[in-house]
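Input: structures, listed below.
Shared between the two complexes below is chain A, which pairs with chain B and chain C, respectively.
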Partner chain A sequence: MAVLAYCITETQPEITAPTTGVRGTAIETIRVQDLQCLASQFDPQDLVGKAPIQESALDFNRVLQGVLQQIAIIPFRFPTILTDETALSQFLTEHQAEYRQTLHRLRNCVQMEIQLKQTSTQPPATSPKSGAEYLRSRQVQHQYIDSIVTHFRESTGTLAKEWRHRETSTGIRCFALVDRSDVQAFLRQMKSVSVPIESEARVTGPWPASEFLKEQ
Partner chain B sequence: MEKEAAHPDISEVSEALRLSDAAAGLSGRIDCSPETIEKSLAKLVLSLIELLRQLLERQAIRRMEGGSLTEEQVEQMGEALMKLEGKITELATHFNLTPADLNLDLGPLGRLVE
Partner chain C sequence: MPQPSEDLVIASADLDREMTLLDILDHVLNAGVVIRGSLVISLAGVDLVFLGLDVVLTSVETAFRHMRSQIPNLSPSGPSSKRSPE
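Showing the complex of A and B:
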């Protein structure tokens, strides 16, 4: 039967994995040397319809959060489905060196996210009248975004061990790699950061360090 | 402005874990039904053009900042990008697509444009 993969972690005897996963299925552990992958039996028919998909996604997140509270994880994208446990074991065996190195690097770290969104719906006061004016206005816009990101990054002080950001259609998403013991300090720090006018910031986390799986 | 840590809802879970559009309750597939084939193909093509437009814009700004463009070239590039943006908006409106629609879910690679 097909299996749904949740995440990969280092094998630690003191880690307690959640017993049930998506749609109440039992969580199984597939081990390869010092790594383990959590998975559960999966019937694709369970993901037909919007409500089951959303419920399953939240179930999936609950499993990840349950493990993340204890140890660093490499999450699979939902839904990652493999033909059976053998295929998952083979996959883990093939990539074990890479995963081992990544988990070692991210050990004790979590990801915090700052979502910056522009709340203004006002169109620009004037449309660019020339090509040069258009390009320079975009340059100013990019510089403005860079300055906000820099402001937030500097505000994290030494709490952010690494930092990534990217622009989206509605604003900016910033990601900070934070030691799990610094999460509360990070949240306190972020509460004191001023947000630009007509913008709102939302800090969420801790999340798995998905944005930091690859070293820059 | 309010900033707080909160229990995640489906939208945040979706964003943070890079779930597919399907997981967020949206269709990430190209819908090839006769009624919607035009709109679906327009979404695909316009998403790719929008990606190219953004890449070209960043490259143009980098070259402008690097001083490798003459004023005339800045004007020409800016005008071309401005018209391209206008045309994409016009076509998207024609097919009842919003700017947020001009994106593609690439599975494990995430979204086309972010």
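Showing the complex of A and C:
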């Protein structure tokens, strides 16, 4: 039967995995040496329709968060479905060296996220009349974004071990890799950050360190 | 202690302020390991279902057939599909 993959963890320290996963399916553990993958038997037809997908995504997140509270994880994107346990085991075997190294690097770390969104109601500036004008406007925009990102990054002090950001259609998303013992301190620190004028900031986490799976 | 800005929202289980459905969906649908060759199937502009092509769970046609039978107003050509970004 098909299996739904949740996440990869190290086998040590031992964790208490959630017993049920998406749509009440039993969580199983597939081990490859010192790594393990949490999965459950799954019928993909259960995902058809908006409501089942939402409910299943919440179930999926519950499993990830339940494990993340105990140990670093490499999450799979939802829904990652494989033909059977053998396929999942083969996948893990093929990538074990990479995942072992990643989990070692991210051990004890979680990801905190800051979403920055501009709330300005001003009409957009007129379109650039030349290529040079366009490049200048882009440069100004990048400088503005860099200044905001720097402001938030500096506000976290030394709590962020690594930091990444990217622009999105709605604003900027910043990701901080934080030691799990520093999460409360990070959140307290964020409470005191001043948000730029005509902007909103939303801080969420802790999340699995998905943005830091690859080293920069 | 400084007061939080009204323009700053902190949503964290650690502060007993729950994250929204959107926060959660955004992370589980858009973050994490993607198996090479995965396909994203979109409905109404929202990426919904990933199918691991490498491991051949089900053909895209089968997936579309299931979706057509469940979603009456789905276009006859099926949902748009695109390669998942790595």
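Heads up, the rule we're going with is that the second predicted complex is superposed on the first by the 203 of 216 C-alpha atoms of A that agree within 3 Å, B and C clash if a C-alpha of one lies under 4 Å from a C-alpha of the other, contacts with A are read in each partner's own complex, and residues count from 1 in each chain.
Note that a contact is a pair of C-beta atoms (placed from the backbone, for glycine too) under 8 Å apart; a residue touches a chain by one contact, two chains touch by 3 or more.
If you're wondering where the values come from, they're calculated on a predicted model, not measured in any experiment.
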Touched partner set for A:Pro128, first chain B, second chain C, both or neither: first
Partner chain in contact with A:Pro79 - chain B first, chain C second, else both or neither: both
First, second, both or neither for A:His151, with chain B first and chain C second: neither
First (chain B), second (chain C), both or neither touched by A:Thr204: both
Which of chain B and chain C A:Asn61 touches, first, second, both or neither: both
Partner chain in contact with A:Arg31 - chain B first, chain C second, else both or neither: neither
First, second, both or neither for A:Leu187, with chain B first and chain C second: both
First, second, both or neither for A:Arg138, with chain B first and chain C second: first
Which superposed partner A:Gln45 touches (first chain B, second chain C, both, neither): second
Touching both chain C and chain B, counted on chain A across the two superposed complexes: 47, 50, 53-54, 57-58, 60-61, 64, 75, 77-80, 187, 190-191, 193-195, 199-205, 207-208, 210
Chain A partner contacts - residues on chain C that touch it in the complex: 1-2, 4-5, 7-15, 19, 21, 23-25, 27-35, 38, 48-52, 55-58, 63, 66-67, 70-71, 84
For the chain B and chain A complex, residues of the former touching the latter: 1-6, 8, 10, 12-20, 22-25, 57-58, 60-61, 64-65, 71, 74-82, 99-100, 103, 107-108, 113-114
Residues on chain A engaged by chain B in the complex (per definition of touch): 47, 50, 53-54, 56-58, 60-61, 64, 75, 77-80, 111, 113-115, 128, 130-136, 138-139, 142, 166-170, 173, 187, 190-191, 193-195, 199-205, 207-208, 210
Of all residues in chain A, those that touch chain C in their complex: 2, 7-8, 44-45, 47-50, 53-54, 57-58, 60-61, 64-65, 74-83, 87, 91, 119, 183-184, 187, 190-195, 199-208, 210-211, 213
